[in-house]
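Chain nomenclature is as follows: A, B, C, D and E, assigned in order of appearance, with residue numbering initiated at 1 for each chain independently.
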Amino acid sequence: MIVTAIISGLVLGGTYALVAMGLTLQYGISRIMNLAYGETIIIAAFCAYLLVSQLGINPVLGLIIILPGAFAFGYLVYGLMMQPLVKRSAKSGTLEVDSILATFGLLFVLQGVMLVVFGSNYTSYSYLNFGVQIFGATIGANRLLAFVLAVVIGAALYLALTRTRWGTAIRAVAVAPQSAPLVGIDVNRTARFAFALGATLAASGGVMISMYQTFTASMGVIFTMKALVVVIMGGLGNLMGALVAGLLLGLVETLVATYVDPGLTLAATYAIFLAVLLWRPSGLFGKAAS
Amino acid sequence: MSALVRVEKLRKQFGGLTAVNNVDFSVAEGEIVALLGPNGSGKTTVINMISGAFAPTAGRIMFDEADISGLPPHRIAHHGVARTFQLVRVLPSLSVRQNIVAAVAFRRDAVWGEEAETEAEKLLVDVGLAGRGHEMAQDLTYIDQKRMELARALAARPRLLLLDEWLSGLNPTELRVGIDLIVSLRERGMTVLLVEHIMEAVRALCSRAVVMNVGTKIADGPTNDVLADEHVVRAYLGEGHA
Amino acid sequence: MLDIANLSLRYGRHLALDDVSVSVGDQETVVILGANGAGKSSLLKAVSGMVKTSGQTAMSLDGLSLLNMPPHKVPDAGIALVPEGRGIFGELTVDENLMLGAHPQRARGGEAARLELIFDLFPKLAERRKQMARTMSGGEQQMVAIGRALMSNPRLLMLDEPSLGLAPIVVTELFAALRRIRETGVALLLVEQNVSISLAIADRGYLMEAGRIVGENTASALMTDPAVQQAFLGGTTTDLS
Amino acid sequence: MSRTIIGFGVSLLALIGLVILPTVIDAYGVGLLLGLAGYVTLATAWALFSGPTRYVSLATVAFFGIGAYTVAVLSETLPYPLVLLVAALLGMVVAVLVGLATLRLAGVYFVIFTFGLAELIRQLVTWYEVNVTGTLGRYIFLPFSATDIYWQLLGLGAVTLLIGWWIGRSRIGLALKVIGDDEVVAAHAGIDIARIKLALFTVSATIMTLVGAIQAPRWTYVEPSIVFNPTISFLTLIMALLGGATRLWGPLLGAVPLFLMFEWLSANFPSHYSIILGCLFIVIVFVVPRGVLAFIEEHSGRFRNRKPEESAK
Amino acid sequence: EDRTSVKIGYAVSLSGANAGGAGITTVPNYKLWIHEVNEAGGLEMPDGSRLPIEVIEYDDRSASEEVVRAVERLATQDKVDFILPPWGTGFNLAVAPLFDRFGYPQLAVSAVTDKAPEFVERWDKSFWLLGGGADYTKALAEVLTKARDEGTINNKIAMISVADGFGIDLVTAARPALTEAGFELVYDTSYPPTTSDFSPMLNESAGSGADTFIAFSYPPDTFAMTAQAQVADFNPKVLYMGVGVGFPAFGAANGANAEGIMSLGGIDPNDAANADYRARHEAFIGAAPDLWGSVITYTSLQMLEEAIKRVGLDREAVSAELSNGTFETVLGETKLEDNQLRNLWWTGQWQNGMFVGIEPSDRAGASTPMLPKAPWVAAQ
């Protein structure tokens, strides 16, 4: 029983982590508080659905089409919408407020387009929906795949960001954008890249989620908020933090559902989140407060 | 002379790093004392603990015979301790005058309204910023920001003033002015503990110096003696100063 | 090597630099002296592309125009800046800061040797390689900033008040280090308040006042110039000779 | 001084006009006014604390919901004024607890903490209702017309603005700005940060609680998903930011046009509402970068006194 | 009177959290009906003339305050002739006082409530068409009792419910209904909306020894649970779930695995009018209707249309006719009792690719329950 609970908790948490990692890139590095983040996830889910239902392309193959698309989308959004705001706020320091307001608008646009194109219905399809045995626990193959991908992508990103100069440069932009040019880092390009990468991660999360979950065009906000909670709990801009916090929340959810009361899963999630912040005001892996 | 501030066995630990280790010293009323030491020896940390920015890991800080260790900064400020910061901290969205009024309005015998404004203007005159009250604090030059920060500290009517490298970054002419300003403070009966790397200023101002190295005190006494001390020369001044 | 002619610069309506012409020769060390607010930092910022110039400014490094060069391209041209306030990456470790110093293309290769040199200049950094730069003392952070700039293998190193906040012994060491750096063939453009020690290592110096160049001479001449004595040395000799 | 008196006079006249208005317009008009009064009050109350301190709170709906739920639970058992009092007290107590908990948090950590808190409260209320009382929805059959509710909200809104005005010219207002700029400096200047933050947060939260309590009878039926709807927090924040959260009249000037725009769009373009709204929103961010109030001031200033800088020279 | 059209307005959740539900049950049927009426030349009046429908549509953005104001607007600004109700129990209650005050009949469909009799007393022009929790759970208890008495299932039941108005209403009615019928509730818990992982609850239920698994769930939960039950090979003899089972997408997504799954609602597969309705719905909307709420929504519109035809546009008269008249609809012959629709399909089951009504079993067109549910067919 406990093994089952732990494994399904980790698997659930894997998706949370994957989704949160994209947001932590966008917010931690590009400094864009992207309220339309969840919409990117849902768009990707719809695309996966279209590929499956219209063209019969399975979602894993679909990633090959969707991920570059998402990257381009993120790249475009940053270039068209965010860059002027970033430029403008160099003096006024209002990027946070501006990005909240602008992406709030973007959220409406994306959601509205999806409502027009796909309607407001619940959408789902079935893919790899069979059980796989791990340590005696049965897990949906689709969920397991999502988990594996989350871990692989997460680990690869983590290593890239912490072990390479390229990654360190990205983090440098996160911590001191005004100093980055001193060492030859093109802040604008890096931020744009990180934003697009964030969108790509969101899309991969969306494809994973679509394989086992029903979704609607208005559901993006739920994912945005969940991702924000994970990001903040892990420590802003910290990939490892997002990974650990995501897995932790997944575990808490299943353990509480199994051993306490399923009615308290979300309450427990938020309680843990709040407790972590009370204990460490900058998240699990955030810089310690001085 | 009774001690206005006395630190006893003061200690501060950051994780595994002991930044300040069992430091004792005192500053008498009306004295100007220098706190010296190599970079990273713990001077700012001592200032931070006296002013309440950090709580000490161990030890005591007595101010006018009251134990102020670990009190929140505003309580310590109300006891009569004011400070400047090593890296200037201005309130960027406020005007220069409001920067000063903020301190006038929240000190122990606070005043508010026109009275506070008039007092702020007076302080600005004292530090050489006469008539600059309406400018935005963040638009001032570095030296002017430093001046303003001093005015803000003075606005609290402190008995003890903690200056963390307030004179650094001034050119020799400006240094002169700065030194004179501090001298005038002493004449008004203020007690000053200053951290400084400019020996000229230390010699000109301080009757006594306390030197730290790697968190511990290595010398304490009349300035000239201390600056001639072999340990101090080796750890801090370098042979060129001997 | 570095040629600046007719540099003007405005912040809003405030004219911070007015028709400034400055040059730094190959392997030369040049110091800029001036009161607070004279525009020294602005000059360095203009060279490194961090602020936009106006008017008929001409600015080039060995003929390569620096005008409108985006700031992140400047290090690759061979100019490194240690800015006012250090500008280090506080949330990264000392090691990572130094590693980023070698981010420009021109700095790749020979990295290890330069790291060696830097640890030699600042042994403290070698002890604290894994420390978060933010938690270092003021002086230690200054060392990180200079080390990082050196890592980019610059031909011209610009330092904006490097001695600010450093213990006397470190200042002495720092200038000794600068002397050695200069001997490796790097040109230095130095802004300093510590006039005597900077003139001691400089070849030439400029005097700035309210955004204009008001004087220029060899370092030794400036050292004895009574006007300089009056304006910048407070009429006294400092504790260093 | 005289400017203050004129200001008060104009405000009072406007208030009287707003009190009389529902008697001459139809039910829909009253509904609009009611909605406006609700959001103006929420946004102004939000900005009391979050404006100067820059602690962006998403806990608005937690207090709003507490207010609404208190009315739902107690409306049958206690006289209405007492219900409001209980709601206000409850809001206050929760605000103090939340305030104490959040003292160490800053920036986006504070933002998301307050969001999490609102969700936690909603989850706990739900769980309690499901498991302890065995029902989820609650009915409110209070005999209030839309006009009654509007008048109450209007009164509360006026009081909120008055409080904001008073704070703005008291030293607490300055303290809040100092805290917003640099808490370390604030503390060393003798400001008791914790107390001031706590006090303001509590005042602001209590007002939000009352908005929820007053508005609840309008919906007959409440359940957690209705009264703890996070959209309310977001809209409040957006309105205040859009208007200019650091100024007394800013939130009002953000809330009114935004609310009317929402209304107009959802009435005229129900199926493309989202897209148009979103586009307009983005345009606004680009065109009105520093809030509606600043925008109005800049432009009216230009009318009154063309190029003031030139003439000053 | 020289009017040229009939104004009909509605405010419904086109965006926000409720858009998913409204988007399947409510909006398509409003659109379909209006389209059909206008195609036919308009609403027929008692004198045989026809007046086209002019529609006014608002989005309530899933917010109570918005739906209330939108209805005020429809009544006082747009002065529409009739207002169609919003989606959701809470929203129907929120607007009920307004419908009452402005004198509009309220044909509340997507509101499951046991309090309907009280509401009718309070607001005499309100109509409650989807029954209450007690109705559905009593019917379910009957199906289960029969199966137990035949020895098909044991008397243990595992039950979960979504912590939301709908789930709680049903589960509070289910507890007494099932225990009175002699069943033992070995697992009984609720879960918050937006839960996506049901494996802990399915595992608990599987381990509880119950032959019957009941979930009063919302569509995303229903879909997820069905998929996860297959993964976990959790195959109770009776599988009953809430909203979503009656969606055509449910049958499409689960294929053979939908067989035997039970839920609220259902249809008579042999009813020609109903089959015709489904075909028209699919043709016009592009998707088949759900087989619980959609059918009733369309029924309510047919009743309104017919009432207008009989008595004209006077709202008092239409309300009276709705209360007392008998109507021929896609649900069969329909007559309200005390302003409530009672001849509903309380329980349905997927049989041969169709979600058919099985309870009340004595109603014409009822299918026989097929229990136990067939085991899952392995995925492709």
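The rule we apply is simple: contacts are C-beta pairs under 8 Å (C-beta built on N, C-alpha and C of every residue); 3 or more make two chains touch, one makes a residue touch a chain.
Nothing here was measured: the structure is a model prediction, and the numbers come from that model.
Trace the shortest chain of touching neighbours from subunit C to subunit D and give its length in steps.
Between subunit C and subunit D, the shortest chain-hopping route counts 2.
I need the common contact partners of subunit C and subunit E, sorted by label.
Common contact partners of subunit C and subunit E, which must touch each of the two, are A.
Of the chain pairs A-D and B-C, which one is connected by the greater count of C-beta contacts?
By number of C-beta pairs in contact, A-D is the larger.
Which one of the chains is farthest from subunit D, going by Cα centres?
C
How big is the gap, in whole Å, between where the Cα atoms of subunit A centre and where those of subunit B centre?
Comparing mean C-alpha positions, subunit B is 47 Å from subunit A.
Report, in whole Å, the distance between the mean C-alpha point of subunit A and the mean C-alpha point of subunit E.
Roughly 35 Å separates the two chain centres.
Can you compute the centre-to-centre distance for subunit A and subunit C, using the mean CA position of each chain? Integer Å is fine.
42
Send over the residues of subunit D in touch with two or more other chains.
Residue numbers touching two or more other chains: 123, 126-127, 130-131, 271, 273-274.
Tell me, which residues of subunit B touch at least two other chains?
Correct list: empty.
For subunit E, give me the residues that contact two or more of the other chains.
Subunit E, residues with two or more chain partners: 14-17, 62, 163, 190, 192.
What are all the chain pairs that meet the touch criterion?
Pairs satisfying the touch definition: A-C, A-D, A-E, B-C, B-D, D-E.
Name, in rising order, each residue of subunit A that touches subunit E in their complex.
1, 4-5, 8, 12, 111-112, 115, 119-126, 128-131, 138-141, 212-219, 222, 253-254, 257-258, 261-263, 265-267
Would you mind writing out the residues of subunit D in touch with subunit E in their complex?
Per the stated touch rule, the residues are 26-32, 34-35, 38, 123, 126-127, 129-131, 134-137, 139, 146, 215, 218-223, 225-227, 229, 231, 263, 266-267, 270-271, 273-274.
Spell out the part of subunit E that touches subunit A in their complex, as residue ranges.
14-17, 19-20, 22-24, 27, 62, 160, 163, 189-192, 194-197, 199-201, 203-204, 207, 219-220, 223-224, 227-228, 230-233, 244, 247, 249, 253-254, 287, 378-379
If we count contacts the way the header does, which residues on subunit E are in touch with subunit D in the complex?
14-17, 57-59, 61-66, 68-70, 72-73, 75-77, 89-90, 93-94, 96-97, 102, 163-165, 168-169, 172, 190, 192-193
Which stretch or stretches of subunit C touch subunit B in the complex?
The contact residues of subunit C facing subunit B are 33-37, 84-85, 124, 135-140, 142-143, 161, 164-173, 193, 195, 231-234, 236, 238-240.
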